Amino acid sequence: MTADAALPFALLSLLLWLPLGGALLCLLFRHSGNLCRWISLATTLAVLGLALWAALAAPDASGWRFYEDAAWIEPFGIRYTLGMDGISLLLVLLTALLQVVAILISWGQKQHPALFYALILIMETGIIGVFLALDLILFYLFWELMLIPMFFLIGVWGHESRVYAAVKFFFFTLAGSLCLLLSIISLYLLHGSQTGDYSFALDALRQTTLEPATEMLLYAGFMIAFVVKVPLFPFHTWLPDAHTEAPPAGSVDLAGLLLKTGVYGMLRFAFPLFPAAAQRSLPLLAGLALVGIFYAAWIAYVQTDIKRVIAYSSVAHLGFVILGLAAWNQLAWEGSLLLMVNHGITTGALFVMIAMISERSGTRQLSQLGGLWSVFPNLSAFFLLFCLASLGLPGLANFSGEILVLFGVFKVRPLWGGLAVAGVVFSAAYMLRVVQSALWGETRQLERNDDIGCREWLILVPLALLVVLLGVYPAPALEILREPIRLLLATRGMP
Amino acid sequence: MNPLLLFLIPALPLLGGVFNVCFGSRLSPRIVAAVAVAAVAGSCSLTVALWSLGAGEGTRTLLFSWLESGGLRADVGLLFDPLATIMSLMVTGVATLIHIYAAGYMQHDRNPARFFALLNLFVFAMLCIVLADNLLFLFLGWEGVGFCSYGLIGFWYRKTANADAGRKAFIVTRIGDLFLAIALLWLFRLFGTVAIDQINGRAAELDPQLLTVLVLLLLGGACGKSAQLPLMTWLPDAMAGPTPVSALIHAATMVTAGVYLLCRMFPLVSLSPTGMAAIALVGAATALYAASCAVAQREIKRVLAYSTMSQIGYMFLAVGVGTVSGAMFHLLTHAFFKALLFMGAGCVIHLAGDENDIYRMGGLKRKAPRIFWLFLIGILCLAGAPLTGGFFSKDAILLSAFARGDGLSALLWGAGVLTAGLTSFYSFRLLYLVFFGAERQTEKGHALSPLMSWTLPPLALAGLLGGLLNLPHLFGGHQWLSHWLGETAAELALPLASELGLLLLMLIFFGGGWLIAHLRYRNFPGEERAGWRSFLLGGWHFDSLYEWLLLRPYRSLCRFCWQGGDKALIDGMVEGLGRLWMDWGGYVRRLSTGQITFYLQGFAWGVLLMLGWFLLMAVK
Amino acid sequence: MNAAELYALLPQLMLALGATAILMLGAWWPSRSVWILSGVVLALTTALAAGLLEPTVSEAGGLFSAAPYARFFTILWSLLVALSLLLSLRYAKTHRFAGAEYTALMLFAAAGMSLLSAASSLVGLFLGLETFTLVLYILIAFNRNSTVGAEAGLKYLVMGAVATGFLAFGIALIYTSSGSFHLPEAMAGLQQGGRMRPLGLAGWAMLLVAIGFKVSLVPFHLWTPDVYQGAPAPVTGLLATGSKGAVFASLIPLFAALGSLAIELETVLAALALLSMLGGTLAALPQRNLKRMLAYSSVVHMGYLLLGLLSGGPDGQRAVVFYIVVYGIATLGAFGVITSFSRADGEPQEYQTFHGLGYRHPRRCSALAAFLLSLAGIPPLAGFFGKFGIFHAALKSDHYLLALVGILTALVSLYYYLRPIIVLFMQERPAQQMRRGWVHEFVVLAVCFSLILYLGVYPGPLLELIAQVLPTP
Amino acid sequence: AITRRNPVHAVIYLVNSFFALALLFYLLGAPLVAAWEVIIYAGAIMVLFLFIIMMLELAPTPEPERMGPAWWQWLPVLLLALGLVACTLLLIGLDTAGSQGVPHWYAAPRDFGYVLFGKYALAVEVVSFQLLFAAVGAFYVGKPESLKKTAGRKS
Amino acid sequence: MIVPLEHILFLSAILFVLGLACVLARRNLIMILIGVEIMLNAVGLTLVGASAFWQQIDGQIMVIFLMAMTSAEVSISLAMVVYLNRRKGTVDVRAFDEMRG
């Protein structure tokens, strides 16, 4: 089972706990903000390096590239099981990358820098943990671990109504999580009473035989947690507030990573554990996703705060992702996952850019922005690029995922696919509105006049390259995804 | 010759564009322009050099697989067949000239890098449409031209109106793209592939009704890009862009992409009579509508824009009546003379001191005779003066329509002929207003750059002689274009007499239009009353109609979703729930009154309830 | 009574005798810190003794058990009191407590709590309970400068006296019904034809009132916020953790002895649990006083504990004991932070005094945040596995409704746990400076914090230990 | 005893009732307990009560009438009490043990002492500790302010 | 046999509730404490009755403990009464409601 026998150390654990170590170092040296900055940068870079190294490994027969398993809490049958397949790998890579970006974008953090960086690093551990855990309780633990740092990031470093946003975020996600916990425990008990083996291991629990009604109930518990996190309409209202109020790094993490954990949870846990119930829920899922695509796009069109527009665009894009999942075929799932990664990069980049813009202009209100191109041509060019990617211009990142989803969906459900395509028009409408108000027109009052600096180049160029690369040549990413998805689709009970 | 060289055709403009994106702002405008021109010119010469690859079945070549997943395979691959060769030659050729022109046009601009980068990228995207061997790659180009058009229309972004026009263009064409995308998805669902030749080859397997739907979807896509009814409102506004842009994108190439698409898919399209009829109808209606609007326009570029729309209507009509070569023929000639006209208009605007309104021009003939003559050639082609390129191509289309012989075709033909008359009228109206009469402009004009004036003659020549490409037998031609495109059924089954009669009719309409224009506008006093003209000037007020019918409801819908849905309903429910808990919390909290006696009563009640319950249990 | 039995109860005797000794010596040599520290040492020694000495008999005098279960709690309460004493070093100084008396009372309270946890007879239960209740009457009103302290003492006294009456009446009725005080026989004697005798039911009703008062279950909880607010913070810590935990610790053998008869009480217990979870949560929501909030939150936690108890079985019992430990640590820690912020003129309780304090005193405030989050059951803090165990047990025993309500209240309760955290860390307004903490306080807080974290990440050993010491097989 | 407005009267009534109870105890075969009832309750505790009442009434208290309950204050309490009595009595009545008689039985003081200091020796210890600490507590709480201050300074 | 056990229990229950009623209804702190005494005496009666019923001494011993405990409690309570009276000058429990909510 272990593909990492050749490695002299536990790569996954290192990957997982390295950021936490960095966070502790930050807290230790909390009186020197500068040192913390470098510590956190070094940590995130090291994680990125490790993740890239992990990408070099070949998967074994069961699809795992790396696998770790150790006893943990015996009385409850909880084990410390980590595994990395293609899906995890891709998402871990995304995490590692975006965290570097998050650190870089908050380089000038003045207010309690040590705590800030530490929280970002803790969150990285949480997110990576979610993507690696194969024991349900371990997963749940990381799932919740992401919450607290985010809560503080929004609540402490956020903007005007940050406390409201932070609390709303916490409540929405926690409400879902608790349902998840309830379901996990029930499933564990059911499985235990059937087999006598009380275990939270994903593989073991998949063998549970379930009554249809029970299965549906448990599945619903899982899905509520994931759907809130994704977020699917109508559970999305925490997102715009959280996005808007969060500091730049928080927004990047939120949009780029946290939302992905929900989809990942569905793919990794909810669907394989309850295949029949999942099948029955697909129309509902697709329906909500479709409504979300339109609804969010419409709302995004009338927002006045640029961050809110992007936040709603996230809802719409994640609607596409869920729609792809609901199509339940290789094509759509690959598309969904690709779109997820792409969305993480583009939206992350957009939030980064919004931060840069609002640093310079002192506002995020669309009505008070304008004519940025004439003052910051480079900045504006990047912004335009990411906006275009976000609205799904072919050749840029989002399109490749979106179109695969559409192909996959249309293949099985033409009506869903056809409707979803219409969403593209609306996405153009709100995205161009943003571009319009921000870049074109007369230049407004600005606070700073400098175009992007060295650090900002460093952030934007790799992101831009990735956006183009993933749009033009997504084959490597798809290649990584192919086998795990095939395995997922081929499992018991999945038609 | 290595087929992979074909990739250089689109790649050169791409490289040029990327180069200018990355480094353009640091280089001098001259180098920027030079790089852009060189890239396009290189691409043009490559097209010529590789011409032989396009003969017959053409050449398919593949660079790498763009998207490959679960049965879907979309390559970055080119299909260099006769249709594509002719189109790409036109695109690169016209684009080269326009690039050169633009180098002169933009020479006073501080930072033309963005302009040339976008222009180069546009050529790249257009070539993707032209050369793509699968629909997805075509779609990439399709959206790409849309974006470049957006960026270029709004090039002078300080004026919000320009940027708005760009956005309108992008979004309206995107509505069309929506249909194309659905068609694309559907075709993949049906055939499991997106390769154009496979789809065309297997189109006959399909159910006719399904086919009709598909054709209508394709038509929708084409309408958006080619500014046909009902998605035409963006084109006149798109004239806000720099003139070379209008010439290249909104006259010669991008707007004809719709026609090209329909020609590309013609094997499929032709299988659906209903679809064909719809295409023809849309074309004819647009031709008539646009011509009627052009009659009342006041801005020189808007006149040309409407005329473009109208001419593309002809091309649609051609596709609809089943003559690809006719459509392509008109596409080519139109590209030449319309590019000529736009560039001429650019010169005129320069000369008139950045004045757009033709009512405030006049007498330019004396000031710039060479421009006048070149412009005249363009006008003649547009109006369909005999023996010009425009004459032959337009005539071929009308002949084909007439030759079909059924009622609908006759109607379409009638519309076409009427349009021809109107075209003649507004063309000469334009000519007279601009070049004849007294000078009415107030601004002082600028001098013309030689780069601008010297790019016009080749186009004029091409426009004039364009007819030779597909000279009908009547005039001793060989219909080279039709043969090149492999269209054998192009021989018309019309008797010579009726053919001649039709020609005569065309001549009459041409002459009539000219005459009226001559009488009315030879010595134009300066202003004329609005009245019914305002209706035509506003393009039959379609904009306002859409505003009332679609945009306002859309905006209210959006606002309703936000305020009503998100804020009031969802958040209201969540917050209401929270408040409910809080309220109850307040009540429960108030139980702690601070009075010991009250607390003790709590004891007593508790024990009473417990005892009562136990009593019930015991009794049972 | 023989030597073996005395040996078995050595830890409790050590506490009681030590307390007396400190009391006596303190009369001659009044020093505050010396006595408090020697109290700490004594408590720690007791814990050590309870942990290391293996008694030869399992029961002393038919009143108190000396089983591992009892010794586990002896250790726990001794440690708790040691920590509380250490914590109160500065507090006692600023409030001019009489050191020897204070220490002696605290130690005696520990003895009472461990006796209660060890009770194997109704008499033992009564005595243990009364022992520390009596001590608490005094300790609550120990701060003689504080009016609210006196009021709190009065409230606890009156309520406690009445509750004692109920407890005694309940015991009397059960004795009447079964003819024995010793738990297994007493509970077995209540049975009649598979049902519980009406007299036994009446006795249990009375007993539950007393228990409900002690652990503050709704509707017997009304005193809780007032007393918490008025009592000195270290005492509140003891009151919130030890006295409640000890009662629950004694309930486990009680219910175990009841066996199948527990079904008769199930509805009432379920109702109590339900009311406690809901009522406590609701009342805590609008609170703006940290101690009162913690009081109501303790009501909710007692509801959870009752839920665990109700679920029964080894799982339920294990969950309850684990929860007691975890809840105890977190609550003690929270009151420890309040203690260390306290000044001579009072303790900061109102949220408005905490504005932005998180950055003035980052260590203590983050510890407080961690304790609150642990109480809320957020992983990776220990509270999560506490709640996890409870819900696990509840679901296993098919208490779906209660588990659902538990989850719901856990969600809502988050709001009032977050509020102080928000105030601490997310308010701009600069806060007033608080006292600098003493190293003793930091030691206590660090111990609590690391335990909370450790148990949240690696609860396995403790869970296994608990499973070993549980009274029933 | 419970309705008396004047606490002194209440205490006197209560002493009466204690005597009655002591008699009952004696009848039920608990002579020692009966004796202690008289000695401790009637003798010690009630005297303590009286003492305190006397001591406090030296201080000016607002009209004692107001401290007594008005009739309406009794009403809910009365209802509660009736309910409680009814429930308890019914529960007791339902129990089969109730109808059995109490046998004649007599707990000799010697046996009593034997059990008390044999079986319950530990409990006696505990109770003695309790009493000690209660005394300490009472002393601490009851210390007058002036005393407290000196104690505070000393310790 | 003297009386049925029932009668003793009835008597003690009534006595207990009377004590409770006193506690609930009275506002005077001393009267409340007197009520508690009545309750505890009722318990004593029950225990003695039960002790006789089962012919065991344990019940009586419990009564002794109860008494000891009561006296301990009473001593503390009365000390508290004195203390409170000194602070507030009243023994009316209604006066002690500084904390609420």
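Letters A, B, C, D and E mark the chains in the order given here, with residues in each chain numbered from 1 onward.
Going forward, a contact is a pair of C-beta atoms (placed from the backbone, for glycine too) under 8 Å apart; a residue touches a chain by one contact, two chains touch by 3 or more.
In this text the structure is predicted, and so the values were computed from the model without any measurement.
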item: Both-way neighbours, i.e. chains that touch chain B and touch chain A; value: C
item: Shortest path length from chain C to chain D (each step joins two touching chains); value: 1
item: Relative to chain E, chain with the most remote C-alpha centre; value: B
item: Distance-maximising chain from chain D - centres being C-alpha averages; value: B
item: Chain with minimal offset from the mean of all protein Cα atoms; value: A
item: Inter-chain pair with the most contacting C-beta pairs; value: D-E
item: Cα-centroid distance, chain A relative to chain C, in whole angstrom; value: 42
item: Whole-Å gap between the CA centroids of chain B and chain C; value: 77
item: CA centroid of chain D to CA centroid of chain E, Å; value: 5
item: Separation of mean Cα positions, chain E and chain A [Å, integer]; value: 65
item: Shared interface positions of chain C, touching two or more other chains; value: 123, 127, 130, 134, 137-138, 141, 153-155, 158, 162, 176, 198-199, 201-202, 225-226, 415
item: In chain D, residues with contacts to at least two other chains; value: 77, 80, 84, 87-88, 91-92, 94, 97-98, 119-120, 123, 127, 130, 133-134, 137, 141, 145
item: Per-residue multi-chain contacts in chain A, two or more chains; value: none
item: Every chain pair meeting the contact rule; value: A-B, A-C, B-C, B-D, B-E, C-D, C-E, D-E
item: Interface residues, chain D side, partner chain B - complex; value: 76-77, 80, 83-84, 87-88, 90-91, 94
item: Footprint of chain C on chain A - complex, ascending; value: 30, 72-76, 112, 115, 137, 140-141, 144-145, 147-148, 151-152, 155-156, 162-163, 166-167, 170-171, 174-175, 178-179, 181-182, 185-186, 188-189
item: Touch list for chain C against partner chain A, complex; value: 318, 359, 362, 373, 378-380, 384-385, 388-389, 391-392, 395-396, 403-404, 407, 410-411, 414-415, 418, 422, 425-426, 458-460, 463-464, 467
item: Contact set on chain C toward chain D in their complex; value: 1, 5, 9, 16, 19-20, 23, 26, 30-32, 60-64, 96-101, 104-105, 108, 111, 115, 123-124, 127-128, 130-131, 134-135, 137-138, 141-142, 144, 153, 176-177, 192, 197-199, 201-202
item: Chain E-facing residues of chain C, complex; value: 123, 126-127, 130, 134, 137-138, 141, 147-148, 150-155, 157-158, 161-162, 164-165, 168-169, 171-173, 175-176, 179-181, 199, 225-226, 229-230, 292
